[in-house]
Amino acid sequence: MDSSFIEEIAPQLIKWRRTLHALPELGFMEYITTYRIGKELEKMGFQLYIGKDALEENSRLGLPAQADLEAHEKKAREWGVEESWLDQMRGGNTGLVAVWNTGRNGDHVGFRFDIDALPINESADSGHHPAKNEFASKEENVMHACGHDGHTAIGLGVAQYISSRSDHLQGRFTLLFQPAEEGGRGARAMTDKGWLDDVDYLYSGHIGIQSLPVGTIAATTPGFLASTKYNAYFKGVSSHAGINPELGKNALLAATTAANNLYGIPRHHDGVTRVNVGKLAAGSGRNIIPGDSYMEIEVRGGTPEIAEYMAEKATRIIQAAADMHDVSCTIEAVGVTEVVVCDEELIPKITEWCATSELVKEVQPSVPVSGSEDVSFIMNRVQKHGGKATFMLFGTKLDYPHHHPQFDFEEEALLVAVDAYIHILNGGSAI
Amino acid sequence: MDSSFIEEIAPQLIKWRRTLHALPELGFMEYITTYRIGKELEKMGFQLYIGKDALEENSRLGLPAQADLEAHEKKAREWGVEESWLDQMRGGNTGLVAVWNTGRNGDHVGFRFDIDALPINESADSGHHPAKNEFASKEENVMHACGHDGHTAIGLGVAQYISSRSDHLQGRFTLLFQPAEEGGRGARAMTDKGWLDDVDYLYSGHIGIQSLPVGTIAATTPGFLASTKYNAYFKGVSSHAGINPELGKNALLAATTAANNLYGIPRHHDGVTRVNVGKLAAGSGRNIIPGDSYMEIEVRGGTPEIAEYMAEKATRIIQAAADMHDVSCTIEAVGVTEVVVCDEELIPKITEWCATSELVKEVQPSVPVSGSEDVSFIMNRVQKHGGKATFMLFGTKLDYPHHHPQFDFEEEALLVAVDAYIHILNGGSAI
Amino acid sequence: MDSSFIEEIAPQLIKWRRTLHALPELGFMEYITTYRIGKELEKMGFQLYIGKDALEENSRLGLPAQADLEAHEKKAREWGVEESWLDQMRGGNTGLVAVWNTGRNGDHVGFRFDIDALPINESADSGHHPAKNEFASKEENVMHACGHDGHTAIGLGVAQYISSRSDHLQGRFTLLFQPAEEGGRGARAMTDKGWLDDVDYLYSGHIGIQSLPVGTIAATTPGFLASTKYNAYFKGVSSHAGINPELGKNALLAATTAANNLYGIPRHHDGVTRVNVGKLAAGSGRNIIPGDSYMEIEVRGGTPEIAEYMAEKATRIIQAAADMHDVSCTIEAVGVTEVVVCDEELIPKITEWCATSELVKEVQPSVPVSGSEDVSFIMNRVQKHGGKATFMLFGTKLDYPHHHPQFDFEEEALLVAVDAYIHILNGGSAI
Amino acid sequence: MDSSFIEEIAPQLIKWRRTLHALPELGFMEYITTYRIGKELEKMGFQLYIGKDALEENSRLGLPAQADLEAHEKKAREWGVEESWLDQMRGGNTGLVAVWNTGRNGDHVGFRFDIDALPINESADSGHHPAKNEFASKEENVMHACGHDGHTAIGLGVAQYISSRSDHLQGRFTLLFQPAEEGGRGARAMTDKGWLDDVDYLYSGHIGIQSLPVGTIAATTPGFLASTKYNAYFKGVSSHAGINPELGKNALLAATTAANNLYGIPRHHDGVTRVNVGKLAAGSGRNIIPGDSYMEIEVRGGTPEIAEYMAEKATRIIQAAADMHDVSCTIEAVGVTEVVVCDEELIPKITEWCATSELVKEVQPSVPVSGSEDVSFIMNRVQKHGGKATFMLFGTKLDYPHHHPQFDFEEEALLVAVDAYIHILNGGSAI
């Protein structure tokens, strides 16, 4: 059944992935990425929703600075993004939603693919597959180090299948190409637009996470953590470090003291905790006592209660570090993810449907992870309205962890993922 | 005697100062500043030395990144700096030396004026004199917050005097308009070029430092501190903060631990110590364990021995913080200043010569400071060859300390300073 | 079956517990406790092994200072411990082993009860059950805050049963009353003496840990953590803090820097981690730079690999903190526990045997914990030689956590525990 | 003149010093020391005031715990201190005042000698003079490491002179043998008793501080620092570190965070600053999250304003560290010293009077120090009532700094000091 489809599309899948990989864009700045996705989907015949038609503008979290948005919009224009598209996306309204209605009764099936990249400088090491094959990031300090280039390519593959096999399918299909997953900033904006409110089945997933053989997939993933993301701004008083050290109010020391103590938030007996200060910037010049500093922080917990515990401790520590150095402090919540609970009744179905796949060698019922994903908002909305949802894994060997400058995955995983989704479609939506 | 000169030049002095203030440039990027100074001195008839004729290229410390230099060179061109000037200054060879030879036997008298600005965002507060009078910095995050705009204007005033009264003077005059004083990075490059080797008297000075009434000057300044400036680069391993925290080697925590402990270097019984972490940048994204971090540090001591003590402690702490978090570390010395000892025999002379000034109300023999100045290299070179040197203060009320976003000085101090230098010239170099 | 036994012994159980509670003794100083236990067992007719006959002297870890041992031996004599007993226990050879041989073929069944207390000052709050009922600790800063007083009473209850019902039992019984469980210091010494080498079934357990209703017990406890305990000694140089701060090498700052960073050891994706600095002492006088400091540390991990990871990180941090402050450092490993894996085939047996108990209301198959226990050495030895072992929980409501100054348990839990063990004995060892 | 006196008394001086050195006592526990001093002065014929007759009980600061006082009183009794003396001193009312009235008109001259020791464990190194000569401290962790044993011996020497040469002298003499100088705790209590209110000249001094040749003395000492001493008590909640880490409120981390940040209080442009955490104790057991901690802190400043600045910063940091870890905190001020200003008109007098001494080789007018001394209260009281006061130095080579376990001084310095005081007496008070 349809195994020829994968053979046909394989070269295209890899081409899509590499093109996207070479031009990564950070969250809410995926102008070129969105445009490229959109132009492909347009060709396939999908109905597209972009800009404020795709997401609820005011539900976006952690928007980039206006100047960064504008600079990137300018670059997008130079790269050939059409003005009409830019007009709709302007101000960080990236991502899009693609809808296909077979016209036949049947389930409403949703898919979600995340499309953004990370602020990491990709390795130029000759042993690094993208560098060796000349599709490494052309952008300094931006990299697809989490596999979202692959996710996007998978999404296009699934779309191509729906488009080309539409007359064998029933029901409706909604494909969310979501911006700004990193930092948990984009999913809520799509969720709040109402796309999920009548979805019967929602599928999403991730390449990697665990190092598993290509061909192994997981039907569900327990253990995704609830998380809260903060920006903290410390405001002190700068002074000449040699002449008047006593007149300074040191915002750098407030931040460094906060950072060191944040990592010491006590572990919790009831489940997993995480804390990270991912970014810290303080001060302007060597002989000036730093009057300003800035931190990006993230805390996670294995249950909503633990996430709340971590958040309470973190804000206490940050505020006290400010008090200690007599500086003021603003703490801004810029992203949130919820706990994910996959619907276990999908396990036997996915297992059965994929049993006929030549590419899917093994379906593990459940593989635990300890990251966070704002797909949580999407899944929770589906489930709230009575639908079923799962977040799957697509196996690949991982020589380096996610978010590492040498992160990479085996491209055969793309074929496996598309084939798995096709079998799920055929299982659930075939005429 | 010549009091008319000050009256005549006063409006020009203030205009020079405000023009410079509005377009501040960081060390080794004073392209526009140097050009403006040079064009004025050219009109006055000085013989000019710019670029590699003014300074010893390889003796510069803490040069900006090549990309920053090029971006600023481009901006300088847009602002009208002539291509021939840019050609000579390219690559951070800023500052210039202006020479005047009366043709008559007499002392060789040197003056040194520093011209660079600081990475501080100038206050837009309406109570801030430059903001209110519309000459505040037009450059974001660059500000003349140490009075070097004033020093440069004073230098031009002194030059104007020499030029216009040359027939009443004897001997030779060398005026150093030095780049990159902040960070102690530029003086050695001019010193190593040999300008000071036969100077008999060297005068330099600073507006402010202590809050003193306008009209009060100090003939000498004991207490300038020896200093060493470091950049520290920590290199760890980034990892996904949720999924694989144990695989990260956290360069941010190495830096924050170093920062917190650097401030705790024990005080020294034998004199003043200072330490500052003026800048810290770490990490790239919220959910990535930071694999890189960077700090700008400065230590100072009241004696060469204490400065050495501070430097030894600082490098030990930085290295141990790296070891603690299992990251590697590179410590780069990027600037140095020496201890300054003013020649006390200049005190009675300056006091006597300035006694006839209407603007100089009081000459304090000696006002202690605790900053650092790379004029130390210049003065020590003069003294090594048998010359005399001093570093003076020119009083102004200070509502905010140096390096504060609202730093300002009373512009009458410019007139006092020029008048003091004129009286010194008349005392020592008049026919 | 035998429910009358519990009724009979109940008052005695509570009396034993309270007497032990009122006179708690720290690890390897349980002279009076051992003596009291021994005198009871002697009366019951057990064969006793005390001192070096009970444990392998050189396998003890973290022995108290000789002076503390001697002071406590003196106190034990004053409290009436016989000289002959003291002679055998002298030097911290506390605890004892009681053996009962029915003379009939059958399994060799082992029980282990831990007997030591903690360095905590018991609450005098009137709401605190021991304070209200006047059996709170009479020793300052020593307290049974982990329930070992209850464990010891349970052991005596089980012993009483074996003694009084011996003619209905078969096989052999070995009861270990183990010293110094806190800190993981005593079990290895009993294990190395060979007591477990032919044990067929080994039962141990804990009151509390989870807050469960009295009557609920757990047949097994997954999740006990492997742990390593360290003492760290920092040696610097003291100096007058006002006159010569620069001559000091600050051992206090080495310790505080180590402490703050130890808590920041990254979490591990593969399981639970724990770290604690339980004690820190530094310095001798206010105006003296501290030349000495001392820390007691403990790290734990959910797997042997994670425990090793934590240990490697901890020693790195401690050494680097010493280097940072230019002091020397000695790190001494003073206690270890291993991971515990309970034999799951005991679950249905325990469940079945306890089904007839009137006191045991519910047997939960498995209740996870995240403490550490040196029963790990005992269980691992039994299992290595082919025996089966488990560590059970005996439910009680917990108003305060273990190791809290107001820790207490419901005394009915003692009855439940003895009854559970009796039913296990009857199930496995009855004629 | 009187040089024979020194020759005669020299062996006695050294004997006194060594006897005192061997039995050092901490502040407000100098029972034996006071008794020994008193018995000598009684023999000489002085009128003595001890206990509450010597000091104002309620003005004492930082009194030891009642239990420590009682233990030491018991020891004093065992060492032979008469019951009647103990009765007067009981509760930490140590030290004494000795008065001699010549009956002739003349100045009232005061001397102050401090008598307490430090909590330091004296070195047993064979190169350490007291160890080699068998008069090292017999008390563990108590040591005369600041020379107060010498000061006391000097005081007895001066007393002997007054007593034996009384008929050549005029006016009155008041000798304060002050307890608890370390920590700035005792002087105020003697001052508040009124002893200084009509003193015309007050002399005190210190052996060492600077390493100077024996025979060199300083007439005055600028630079003594104002200081404030604090005890900080942190109160959190203990918990089992493995099972319920999230329930603990960690008082140890509050203290270590405070300590690390206290050392980072910014230096002050206007003068010397000092900070020390001399003692830190936290926690009770390795696997218990520490619920209690304690710190002894001291801050100093070169001016009253700087001392106030340091105190304000220190209390802010301590409170914020408590807030950060959600523990409560009590900050107790336990000692204070003021800034000392020696009367410069004494310089020529002391210089002149000592010119005839064979032992005093050189009188330096002024030798700066940077310690703190509660003689400040005594001198400030004298000066407030119109008297003159100075604090002198008596030179000795110093191989190790004050408060070092190998601190020692050259015993010839005792002779020089007594001879200097005799010449001062003869200069100012001879008939």
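The chains carry the letters A, B, C and D, assigned in the order they are written, with residues numbered from 1 in each.
Heads up, the rule we're going with is that a contact is a pair of C-beta atoms (placed from the backbone, for glycine too) under 8 Å apart; a residue touches a chain by one contact, two chains touch by 3 or more.
Just so it is clear, the model here is predicted, and its values are computed rather than measured.
Undergrad: From the centre of subunit A, which chain's CA centre is farthest?
TA: Of all chains, D has its centre farthest from that of subunit A.
Undergrad: A-D or A-C: which has the larger count of contacting C-beta pairs?
TA: Result: the pair with more contacts is A-D.
Undergrad: Could you give the separation in Å between the centres of subunit A and subunit D, each centre being the mean of its C-alpha atoms?
TA: About 66 Å, centre to centre.
Undergrad: Please compute the C-alpha centroid of subunit A, do the same for subunit C, then give the distance between them in whole Å.
TA: So the centroids are 47 Å from each other.
Undergrad: Among all residues of subunit C, which ones touch two or more of the remaining chains?
TA: 243-245, 253, 257, 260-261, 263-264, 266-267, 269, 274, 289, 370
Undergrad: Quick check on the complex: what are the subunit C residues that touch subunit B?
TA: These residues of subunit C touch subunit B: 243-246, 248, 250, 253, 257, 261, 264, 266-270, 289, 309, 316-317, 319-321, 323-326.
Undergrad: Which residues, counting only subunit C, touch subunit A once they are in their complex?
TA: 260-261, 263-264, 266-267, 269, 272-274, 370
Undergrad: Under the definition above, what is the set of subunit B residues touching subunit A in their complex?
TA: The contact residues of subunit B facing subunit A are 118-121, 141, 146, 182-183, 209, 225, 227, 229, 237-245, 247, 252-253, 255-257, 259-260, 263, 274, 276-291, 293, 296-298, 300, 335, 369-372, 401-405.
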